[in-house]
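Next come two complexes, and both contain chain A; in the first it sits with chain B, in the second with chain C.
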Partner chain A sequence: MGSGKFTALNGIDLTFGKGEFTGIIGPSGSGKTTLLNIIGTLDVPSEGSALILGQSVANLTPASSAALRKSKLGFIFQSYNLFQVHTVFENVEFPLLLQGIETAKRRQMVLDALEWVGLTDKIKSRPAQLSGGESQRVAIARAMVKRPAVVLADEPTANLDAANSHNILQTMEKLNRELQTTFLFATHDEKVISYVRRKIFLFDGKVARDEIIDKN
Partner chain B sequence: MMAFNLAFRNLLGAGLRTWLNVIVLSFSFVIIIWTKGLLQGWDRQARHDMIKWEIGGGQYWHASYDPYDPFTLSDSHGAIPEGLAAIASDTSIVPVLIAQGTIFPAGRMQSVLIKGIPPEQKILALPTEKLVSADNDIPAIIGSSMAENTRLGEGDYVTLRWRDRNGTFDATEIRIAGLFETTVPTVDVGQVWIPLEKLREMMLLPGEATVLIAGELTGEVSVTDEWVFKDHKTLLADIEQIIKAKGSMGVIIWGILLLLAMLAVFDTQVFSIFRRQKEIGTYVALGMTRGEVVKLFTIEGAMNSVLAAAVGAIYGIPLLTLQAVNGISIPVKSSDYGLAMAEKLYPVYSIGLIAGTVLIVMLVTTIVSYWPSRKIARLNPTEALRGRMQ
Partner chain C sequence: MIRFLFKGLIRDRNRSLIPFIVTATGVMLTVVFHAWMTGVIGNSIEFNARFASGHVKIMTRAYSEYAGQSPNDLAILGTDTLTDLISSEIPEMEFAERIYFGGLIDVPDSRGETRAQGPALGIGIDMLSGGNTEAERMNIPSSLKSGGLPRNSNEALLSSEFADKLGIIPGDEFTLVGSSMYGELTMHNFILSGTVEFGTTALDRGTIIADINDVREALNMFDATGEILGFFRTGTYNDEEATLIVNRFNEKYSSPDDEFSLLMKRLAQQNNMGFLVEYSGKLKGILVSVFIVAMSLILWNAGLLGGLRRYGEFGMRLAIGEEKGHVYKTMLMESLIIGFFGSLAGVALGMVIALYLQNHGIDLGIMMKNASVMMPQVFRARITPETWYIGFVPGFLSTQLGTLLAGIGIYRRQTAQLFKELEA
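Coming up: the complex of A and B.
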């Protein structure tokens, strides 16, 4: 029990470019998720500044940060966070509904996204009927369907076995290359680390190392 | 529209929990409409029967007449004003003379109101044609409740005692010429109807009356210092007050039902907000503002009442229509209630009643749904995403 302030991130100075496939790596409590939440405009730094797609997080109103998340940011969560009462199709359709995209176009975009992740045969299934790998692929389709500029993935493989982890990582890598979407992973999973092209090691809220891997 | 679609999906997806709420809420809809329809039907039937049997198109009362004070009866009579006398002659106005008396059926003594009415009158539904008699006796008609209390039947004779205008006691035999069935106790219980002219003779009050019952009013109402006109609003005020008072029990019952239904909705909302923290966080992460999430949960809760209206309509419409057509048998006698109540009541379900009830229940459900949903606006989305209780 303590009453003092906890500093999750300290002295961070990072820039992410278009089309990056980056891992923010560190043990639990190192500040990975906090960093991802700030980039995702779900949290605001108590000090310092964060610019997301040219906009200062601190200056965003609740409506403008929601608008930014709605159109430019995609999220993938460790436990998938799918809507249990919706079908696969409806889950993927949700971000497009929020954007008010018209039905025919919406349908095509959802089918495209499901094709990217190889789940066109599961459109009528409910999340409870899917395996962990399939659920995470639905989550990827939901994050990608609106063609966001940045996808933030918090421990996306934590609940998956090795085969499924590689499968979804390959899917994300492919989407990253084809659509030039920036992927930022918060992870300490070696499998994810083996895929990323930039590794940012966080320790006690500070950047311990920032490495760019040449995979060519 | 998106919020409505989403709320509808979520609601149906919640399965049994939704349907339990919906069924409880639908009971509230149907019972509120049923009790109110019953009261409206009762009110309409009572008004209709009172007009038909007692009130007519309205009444002129002698200025001294007070139906609740029998001591006024000895003075509350007078000659029919000239203007009204002309109308009275063509039976558009029925003069009624009222006096106190006593009858002695089977050796018992019972106070009665003696009411003199022209046998040829056509305004009230009383079978006054039975008061026409070629013999020298005094024919009388009484209601079935009176007949049951006094054990008198058609053709029976009974001694009637009265005091004339000078205070002199006199007595004679009257013949029960007919019985009538009515739902209006005020023309039945403790009443003996005899021909007007006979009563005038007995009371030594030629050409006088206590009450003048009008037919359909077509022209101006004549008023004098001695005669006061009482319209339907005044004459039916008592019965409406009684029905309102009896209706308060119905209000309590449907209030309790509504409260139970609202508790179920409120409880579900509170439970939802705690159980669906991750979902709320995900909505925010995907681009909804917290205000939009509050709206979504409020609509979801309020939609319980929309589904309840639909479910209530499925079983309520046939059930209530059946009752409106066939009526509801009342197991107690109307006289026990002290007002006009038929053996069968036909509930009246107006569009206003149904629409009003649906709107009220929807409004209350929306408020009850919004109340706990406000908590969402204070949730931290990052904590919500992890499913942490806040």
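Coming up: the complex of A and C.
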């Protein structure tokens, strides 16, 4: 029987700038997902502080953290987590419904997002009718449709083959460059690592190495 | 947003169809059960009222103490004017005089010697004054096995089994040997007009039914009657109203010091009928409580399972920026829709079945064959105004309660915890 307490992150001091394309890299249990959850205001640090877009995570009320996620943060997961009973269009539309954007504008934004990921021909399809790669592209469109400041992607290529992995990584890289959206990946996938421009290696909850790659 | 949720509800059978079926089935069962129990209890109460107790019964105080023995020496006198007086004082009821008596039926042979004999329990009711109110009240016309109703004075009916035992058929003569209200031995000849079979041992064993005036003549009970039975004109027993009438009547006519003063008793005070009347009154409460508890547990369980299945969806919705309160509210909204339409469908379905059972009934005559208590053969459901809402309200509420309970479990989880479970 354990004490129930576990230190997932320890002594982390990191700053992420606008438009970064960063990989948080490490083995399972290294604290990647916890770090992503804190940045995504889904969790709060037990000690220390985390500032997201100028706001302290610890001081956020449930309503204000939801508001922050609604407008500024996007999430992508390894298992896509699409709404199975809704169409591709409806899945991508959902974040805009939460923001109360009017119908015509909402429709245009959804079509734009689906065009970024090359899925305009699948708007009426259901997730069950899509391949893994297509599903993840829908997830990217859903994360990007509200033009968030930060996209948090937790093992986004874990369920994809090499071709699809490169495809979605290229899509995200393109969006990162065109929209200046910050992308933070939690990963140990070499394919993802090969795309990122900053690599933060985590080991046992601590930053082992922080490298900036010059790709120009 | 509402359209989005509604689409999800319609498309996801686990979210809509299964809770809908569970709710509709529960409501349907409640509606049918309520109508059936109301009918069965009502049938039993009314059956006893028609044959024995009336909705209220007037006797002398002394007679009431030994009512089980039908002591006609303690009968009510002066009934010529009394019944009319009571009828005018209590217009919401109609009153009927009855004489219950015991005696011996003697069947003579061609020489006038006794051919067969048997003990009989008799009922004297009004059968010849025009209209067959009492005969119909006792369901005699449809219980006729042979012959017909008495049309003339000194005609009588015997229970079919009894007539067979005595070896007589309609048209034959027999003698009632009894005792008058003054204790004298009496003998009176009757002609058998017909035989009856009620399907209840208590009534079919050895019954003689004759016109009350013939019985008066036979038992030397002129201007007297053993009992005066009162029946609500609405046709159904109302215990509260009966209590008021009884109190009013007894205050005026009854005196503890005079054993021949009149005493009115309501149905619930006779033949251990109080339990049935009380149970009938509590039925609604029992049904609703059992239903709400059972359905809430089922729907809570269904809601929890549905909620577990939807962790991914809830987690994602929270991540996208929906507030927990909003997620919870939408769950309740969904259950509101399911509860409303499921309960509506359950009521409709239950009503169709209840209506069928009300019109056709179920013949339990075989089960009642050897019953010593007076029970009808055919039991019917009865739809009352309560039947319309007794299933709907708890059906609707328990879906809400089930979701409330299930939702709390999800609501109280940390968002990050939902995510861990979502990603698991």
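Just so it is clear, the second predicted complex is superposed on the first by the 214 of 216 C-alpha atoms of A that agree within 3 Å, B and C clash if a C-alpha of one lies under 4 Å from a C-alpha of the other, contacts with A are read in each partner's own complex, and residues count from 1 in each chain.
Operating definition for what follows: a contact is a pair of C-beta atoms (placed from the backbone, for glycine too) under 8 Å apart; a residue touches a chain by one contact, two chains touch by 3 or more.
Everything quoted here is computed from the prediction, not taken from an experiment.
Undergrad: Aligned on chain A, chain B and chain C: do they clash or fit?
TA: clash
Undergrad: So, does A:G23 touch the first partner chain B, the second partner chain C, both, or neither?
TA: neither
Undergrad: Go through the superposed model and pick first if A:A67 touches only chain B, second if only chain C, both, or neither.
TA: Both: A:A67 reaches chain B and chain C.
Undergrad: Can A:P156 be said to touch chain B (first), chain C (second), both, or neither?
TA: neither
Undergrad: Based on the superposed arrangement, let me know which partner A:F83 touches: chain B (first), chain C (second), both, or neither?
TA: Once the two structures are laid over each other on A, A:F83 reaches both partners.
Undergrad: Counting only touches as set out at the top, which of chain B and chain C does A:F75 meet: first, second, both, neither?
TA: The answer is both, since A:F75 touches chain B and chain C.
Undergrad: Of the listed segments of chain B (97-105, 115-123 or 223-231), which one clashes with chain C in the superposed model?
TA: 97-105
Undergrad: Determine where on chain A the residues touched by chain B overlap those touched by chain C, and list them.
TA: 33, 37, 40, 42-43, 62-63, 66-67, 69-71, 75, 77, 79, 81, 83-86, 90, 94-95, 97-99, 142
Undergrad: Give the list of chain B residues in touch with chain A in this complex.
TA: It comes out as residues 2, 5-6, 9-10, 12-14, 278-279, 281-282, 284-292, 381-382, 385.
Undergrad: Considering only the defined contacts, which chain C positions touch chain A in the complex?
TA: 1, 4, 7-8, 11-12, 312-313, 315-324, 414-416, 419, 422-423
Undergrad: Show which residues of chain A lie in contact with chain C when the two form their complex.
TA: Spelled out, the residues of chain A in touch with chain C are 33, 37, 40, 42-43, 62-63, 66-71, 73, 75, 77-79, 81, 83-86, 90, 93-95, 97-99, 142, 154.
Undergrad: Using the touch definition up top, name the residues of chain A that touch chain B in the complex.
TA: 33, 37, 40, 42-43, 62-63, 66-67, 69-71, 75, 77, 79, 81, 83-86, 90, 94-95, 97-100, 142
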